[in-house]
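Shared between the two complexes below is subunit A, which pairs with subunit B and subunit C, respectively.
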Partner chain A sequence: MTDSAQFALYSLLLPAGSFLLLAVVAPLRRSGRPAGFISIVFSAAALGWAVRAWLHSSREVFQPPLLWEWIPAEAGPLATVGVLADADSTIMLVLVALVSFLVQVYSLGYLAHEPAQGLGRYYAYQSLFAFSMMGLVLAPNFVQLFIFWELVGLCSYLLIGYWYGKPEAARAAVKAFWTTKAGDVGLLIGIVLLWQRTGTFDFLELLMQVDAGTLPLEGLGLVTFCIYLGAVGKSAQFPLHVWLPDAMEGPTPVSALIHAATMVTAGVYLLKRTDWLFALTPDVLALVGWVGAFTALLAATLACAQSDIKRVLAYSTVSQLGYMMAAIGAGFASAGFLHLLTNGLFKALLFLGAGAVIHAVGSNDIFQMGGLRRAMPQTTIVFLVGALSLAGIPLFGGFFSKDEVLGAVWAGGLTAPFVMLVVTAFLTAFYMFRVVFIAFFGEPASQGHGAHVGAGHSSAAHGGTHLQDPLPTMALPFWLLAIMSVGVGILFTVRHPEHEFAAPGWLTPLVVTVSVGGILLAWLTYHRRVVDAERLAAAFGLVREAALAKFWVDDVFEAMYRGALLAFSRAVGWMDRYLVDGIVNVLSAWTLVLGDRLRRMQSGQPQDYVYGVALGLLLLLVLIQWPR
Partner chain B sequence: MPAGMLPVGTSAMPLHAYLTLAATLFAIGLFGVVTRRNTIGILLGIELMLNAVNINLVAFARFNGDPAGMVFTVFTICITVAEVAVGLALVILIFRIRRTVIADHLDLLRG
Partner chain C sequence: MNGLPLLSIITWAPFAGALLIMFTARHNPLRVRCIAAVSTGVSLILSLRVFWAYDREVAGFQFYEEWPLVPPLGITYQLGIDGMSLLLVLLTSLVIVAGVFASWTVKERSQEFYALLLVLVTGVYGVFVSLDLFVLFLFYEIAVLPMYLLIGIWGSSGEIRPQGIFGWAFRRTGVGTKEYAAMKLTLYLLFGSAFILVGILALYVAAGSTSFSFLELELTQFDPALQSWVFLTFYVGFGILAGIWPLHTWSPDGHASAPTAVSMLHAGVLMKLGAYGFVRLGLGLLPEGTHQWVWLVGTIACINIVYGALSAMAQTDLKYVIAYSSVSHMGVVMLGVATLTESGLNGAVFQMFAHGIMTGLFFALVGLVYEKAHSRAIFTMGGFGRMMPGIATAFTVGSLSSLGLPATAGFVAEFLTLLGAWQSRHPWWLFPGVLGAFLTSIYVLRVAKQIFWGPQATDPHFHDLPDAQGPEWAALVILVFVLVLFGVAPGIAIGPVDTATIPLLARLGVLP
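Here is the complex of A and B:
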């Protein structure tokens, strides 16, 4: 049905329009809040069209896309741009439009104390991001996907570095950009290699080639591996996960939108979109599964050792992305995709809740919060909903999809990753409720009131002395997300969609038990104080040390940078200074010497010039007379 | 034909005598320009060279019966006068500034 594609196209063009409006009309951008209202109105309209596109989309995987020729050639266009609206892309479109809309509304409250110019810039970036992400989701071929893939990377860079005056934020922005870029190079190589062997970028044509069995199989592993590298960078898989925790330097709504719900899931979406291609290379797929499970476990371990609420959430995002990848690696991409969608809802919810807390307390440190339950009951409820969803408790958003992922990994025969993921489920419940019990329950931390420690940004300017629930602009978005999280959870608990695979009967009880166990341990440790937190930490001495040092992954990268990259730069610098510059310098020295010799001819004596003129004249006369 | 004028193409002396005179005069002028150290002397040398040219022009006009050469000569003399006036003015200005008119000392153009 082209209706769906048409609606999706409107949805895509609206944020582009609002970005252009804000980018070109400078007075509007500098006006701050009006710019925000424009952006919000456009994104609300985009959400409406996205929902229509979703309702009209067919259940079939591939639809004939809406295409325009971009690089025409004699034998059909070399590249096209267009809109591919099928079941997967439209539901993703709805998620992007929804979270983007809610986050923009929320930002009005969260960034209320920003200068007007900065706010306008922020909303321009937000619109650009919405456009880029939608373009990525709707891309019908690899070229368009790659272009929007880079655009979302750019938006991520711009928004992490929104407070560019803060050195950590600027550093984090650059780090995010470079780290994801390392993966993107792989993606680009993969796309070109794929084109070399198939002659097309188009998903539909590639799918037809796969179905017809005409796709050359040998060496395809390299292609899918390169494409997977792009996903590793974007979706923060080990070892390129290091940028995501640092990306939390950006404003919290940005973390909710880009670094939890939408952009980081682009890698998962890419793999879901091309799962028929990856199915041809089981080795790469197994690698995807193993790396995903390992990332999930690693990040969950790291999250247990953090005291910054946003970093805990960031590591939980990395961990959940690992879950999705593991499901894809097991060969059941739709399970991973389902988890992507539910995670988009409750992770955005958690971030918005955390943002409300940070806004009120003026600090990211959970030990400076404490007892927020009384002062901020609304925030506590929605955060609890998010935490229960993330832990995978029945009736909440993440329960069914997590169950599905674990079932998929078991059915896919990846036993060791399955065990890792079950351990991760335990850790997930533990670290989430560690935050909940420390920050929201217990006694209020004495220094929590009005202490603006560690919050270098403008929310510190907000009076932190009166802890209370945020204004409706901030409360409404997270309530909506909470309701949807629970709604999705109840829907899936009551009415199971049919399984693609046979999950064993003991799976669901196991997962629930493990999660409840994690919550129980957190309760005993941080609420009842039956288990001493220090002793518990000491029991995991080495692991804790390693987690505090972020498993030395950052250090390894730094060593690589300092060792290999700097040495290489020095070598290149030497070549430039002595070889390249040397040749140029020799040439210029020769020119100087020659000029110096020649200038002696210029004696300054008029009579010498007369000699010259006379001699020249004579020479000319002789030449004229010379017999030919 | 007016009295006292010889017919066109005839003369008491042949053409090469005039040309030799002009060439000699030119050479003397060039020699002066090249060797004189005094700027005024150089100007005088230039005058000699110009007059050598004038002699050439007049002689050819006479022998070819073409009055254009005479007309040219009148122009040349006029322009020479102007040139000498400007040249001398320059020399005076140079003297005022540099307190010398010796060409050797005027080497501002040296590279």
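Here is the complex of A and C:
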């Protein structure tokens, strides 16, 4: 038993405690803000323990986990639950605890006008999420991982549907659940298959089998592919990425925490956790890389065509997840993991910044914003920090990790995915600064856009009175994230950690040039207006059409759901009622008909009965005499 | 053990309650309810006591009671409980207590209603604890017959339009009415019990006509040809009650027409009688028959899972959705049994428990929603979550368990069953199992979204509806708590169940 695991356990149990408290003690939950304070205090304590666990963690992977029996069986426990605290899991734990804490503080301001009952429910879900995500991170085996994997999915479902009265929110919630569940079907099958061939769910035992070379390799590709499917769903890889943009119907802090910084990275984390297993199946790994790069490019293209600030960020999350996956696919999981950590910081930052803007303006549409830098200087600065980090500019958070990812993909020999990712880097810088220049610079919306006179005026006039930087509860979290984002950026820019691979010298200049190029194009188009936005868009006619239609992926799923599944189920339902049950009723009806016929024989006429008796007697006599 | 015949008390306490209700509580609805609550409460408390006192180290049948009834024929009143029936007795107690609370508001002829309900429960307990097959069969009939009256008198009619090539037959049989449903259910189950009786008698005769005791028959090696056909009679007989395809069509009609408590008890517990009887008698007495036919059992179970889920998706009546989901989930039970593996069989028994609690919860909720909104048509309702948060939460928990979400009992059951399926001789059974769980997530969440979440229905009848009240809460809290408790700590149940399944598998020759 190590100190680290012990501390991680405390960190895990604290949010569980706060969830139970809020779930069971109804008056406390209904009180609203006090419920929030309790949840925040618990999550602050959890953060403290998480940091301690991280500081005490060792670099070694072989840490004996804390284990308890969960499902007993004749020959020792079939499944256990426990805490596996190593370098990866504890740093991830810190990220989860940190973002979760900051988001809970932020929500106090963001959701200040919610009814008390709803707010209590919100914080109960938040605590449940923190617990589930930590449980996932600390899982020592596949069973626990799957348990918490599903539970974070549940929290996502609950929080997307937090404003369940809105039809879009209710629909987005089930869409998210079903889409990720489709991937989880694969994950579950993969886990069962792996168990059958190795006899264990345990990461360490599996790792030992891999090291000892006793793990049967034949057919392992199917196993890793199935496990990867789970990651495709959760980490929004093509074609199961469709749920993430819709998930933006949830409150913005939720998007920051679950749909940007933590839960969606669970798939990446899973692959990082089991990279030694995937290393045995290079084909699947290459698939991971290709799909990752393709997802990154596709989502970046989609992000360029959005006017909803949260959707831009959502597609950017999908795109960055693609980056991480590409690095893992190239065989360098730690590069992907590093990008996961930095992305967690600056993507949460961007969402919290966007939340402040939405809170002030009262709309998600970037064309209804404009010129916000005067009214909201703090928000502008932090959002800019986030955007620069995302674009991968030196001294900012995402620079080094993006560099690392691209280097890994190049070193892994995935040339075409590398090209796609470089193009994505350009698009990333472009779409982020498109938002920055439209929303924060330029003129306020009402004056800048004649076309929006009616709606624009009223919203600007309405928004004008509120347009100001948010209160400290909201400002403090995003400032902290901004400082950390820059801190991490400077740290890595100044002191490069050692590469696992040989990155070519031209890589860093290329990436920086491409990113600056993207920013420049955005500046020319949306700030200086040297390049006409309409004509720029027209130049990409077909791509733009496709991007506006979300590449028809959503439509395909919709058609599969309505046209195939529901129609088929109706056919089965009809068949059950009118054919399968029909036969039963036919038998029953025949019995009734037969009974009816037989009843007619009972005519009630005495002479009929006399005939009957005579006939019977005759028969009897014949029968008796017959054998003689 | 302090010498009290605990199993007899558990079994007969509801019967005593029924007698008390009939003779002392005329025109006193409150007293009727109190007697029902107390008598089932006694059974619940004693079930819990038996559950804790059961010695897992010793395993086997414990709390043994014996009382010769007809010595010349070898009929004995012989009770005992092992790890498997232990869990199912607990399930019965939980569901009936919740059922009593959930139907607290039955207005019409509540005296007879509760009396019949309690008689029925006695039959259920009796089946689970009887070791004598003749007595078991008697209890089985006691459990089936009151159902006819309960549905026929207190049930509700739906509307089903005759269609298709067999439309004429539907017009003749009067499909959709409660009388139809009651008659269909009773005929079907009696048809099944005829098969069971034949099977039991065949075994009795083949073993030398000396004893109906399970413990003695267990020691007999039956002829393989006999095993083969008797296994099939048990499969059909008990299978009908467990809702096997294509003999399941009594269940949607029956469950949809039955009053709340009866649906709860029927889908929650009576369907388990079928599965239990099948495992106890089919697997327990006929090892060779089992090996011969298990492919059929598992394959039909797979059909059940997927077919039931798809049929549930097609329904527009809330109660039918839940009823078809039972068909699907009982498929998981039968699949787990058919795997003949430790995890599969444990999963099957655990699923009997999990599904019993879950579907009990669902039918209680449907009853409550119907009572408040007077509707079961899913697509006319909407936005109830705001008005009845308690019911909505409980429904969501039930849905999550139904689709096998971890931390609810449903997950453990499905997970174990799937592990077993892949270990069995027919690994492809895994895929329908997983597919069923996915389809379940679609139909239950769709229903939950339509009724409880999403925008409010336009119909003014659906505005200002109350949440659950008073004793109704007790039913919901008990069931939700158990569902989560057994999902978080499945060891509580699987520990004892394992002591029963291991010897069973050893006798089947699957385990050394």
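One rule holds for everything that comes next: the second predicted complex is superposed on the first by the 557 of 628 C-alpha atoms of A that agree within 3 Å, B and C clash if a C-alpha of one lies under 4 Å from a C-alpha of the other, contacts with A are read in each partner's own complex, and residues count from 1 in each chain.
Convention: a contact is a pair of C-beta atoms (placed from the backbone, for glycine too) under 8 Å apart; a residue touches a chain by one contact, two chains touch by 3 or more.
Being a predicted model, the structure only gives us computed values, none of them experimental.
> Check whether A:Val185 is in contact with subunit B, with subunit C, with both or with neither, and answer first, second, both or neither.
Second partner only, subunit C.
> Now for A:Ala533: first (subunit B), second (subunit C), both, or neither, which partner does it touch?
neither
> With both complexes superposed on chain A, which partner does A:Trp195 reach: first (subunit B), second (subunit C), both or neither?
Only subunit C; A:Trp195 stays clear of subunit B.
> Is A:Arg600 in contact with subunit B, with subunit C, with both, or with neither (first, second, both, neither)?
A:Arg600 contacts subunit B only, not subunit C.
> If you stack the two complexes on chain A, which partner ends up touching A:Phe146: first (subunit B), second (subunit C), both, or neither?
Touch partner of A:Phe146: subunit C, not subunit B.
> Pick one for A:Leu217: touches subunit B only (first), subunit C only (second), both, or neither.
Neither partner.
> Who does A:Asn585 touch here: subunit B (first), subunit C (second), both, or neither?
Second partner only, subunit C.
> Where on subunit C does subunit A make contact in their complex?
Against subunit A, subunit C makes touches at 160, 163-170, 172-173, 175, 184, 187, 245-246, 249, 253, 307, 310-311, 313-315, 342-343, 346, 383, 385-386, 400, 403, 405-407, 411-412, 415-416, 418-419, 422-423, 430-431, 434-435, 437-438, 441-443, 445-446, 449, 452-456, 490-491, 494-495, 498, 502, 511.
> Of all residues in subunit A, which touch subunit C in the complex?
69-74, 78, 143, 146-148, 150-151, 154, 161, 164-167, 170-171, 173-174, 177-178, 181-182, 185, 188-189, 192-193, 195-196, 565-566, 568-574, 576-586, 588-589, 592-593
> Within the complex, which stretch of subunit A touches subunit B?
598-607, 610-611, 614
> Which residues of subunit B touch subunit A in their complex?
The contact residues of subunit B facing subunit A are 30, 33-35, 42, 103-104, 106-111.
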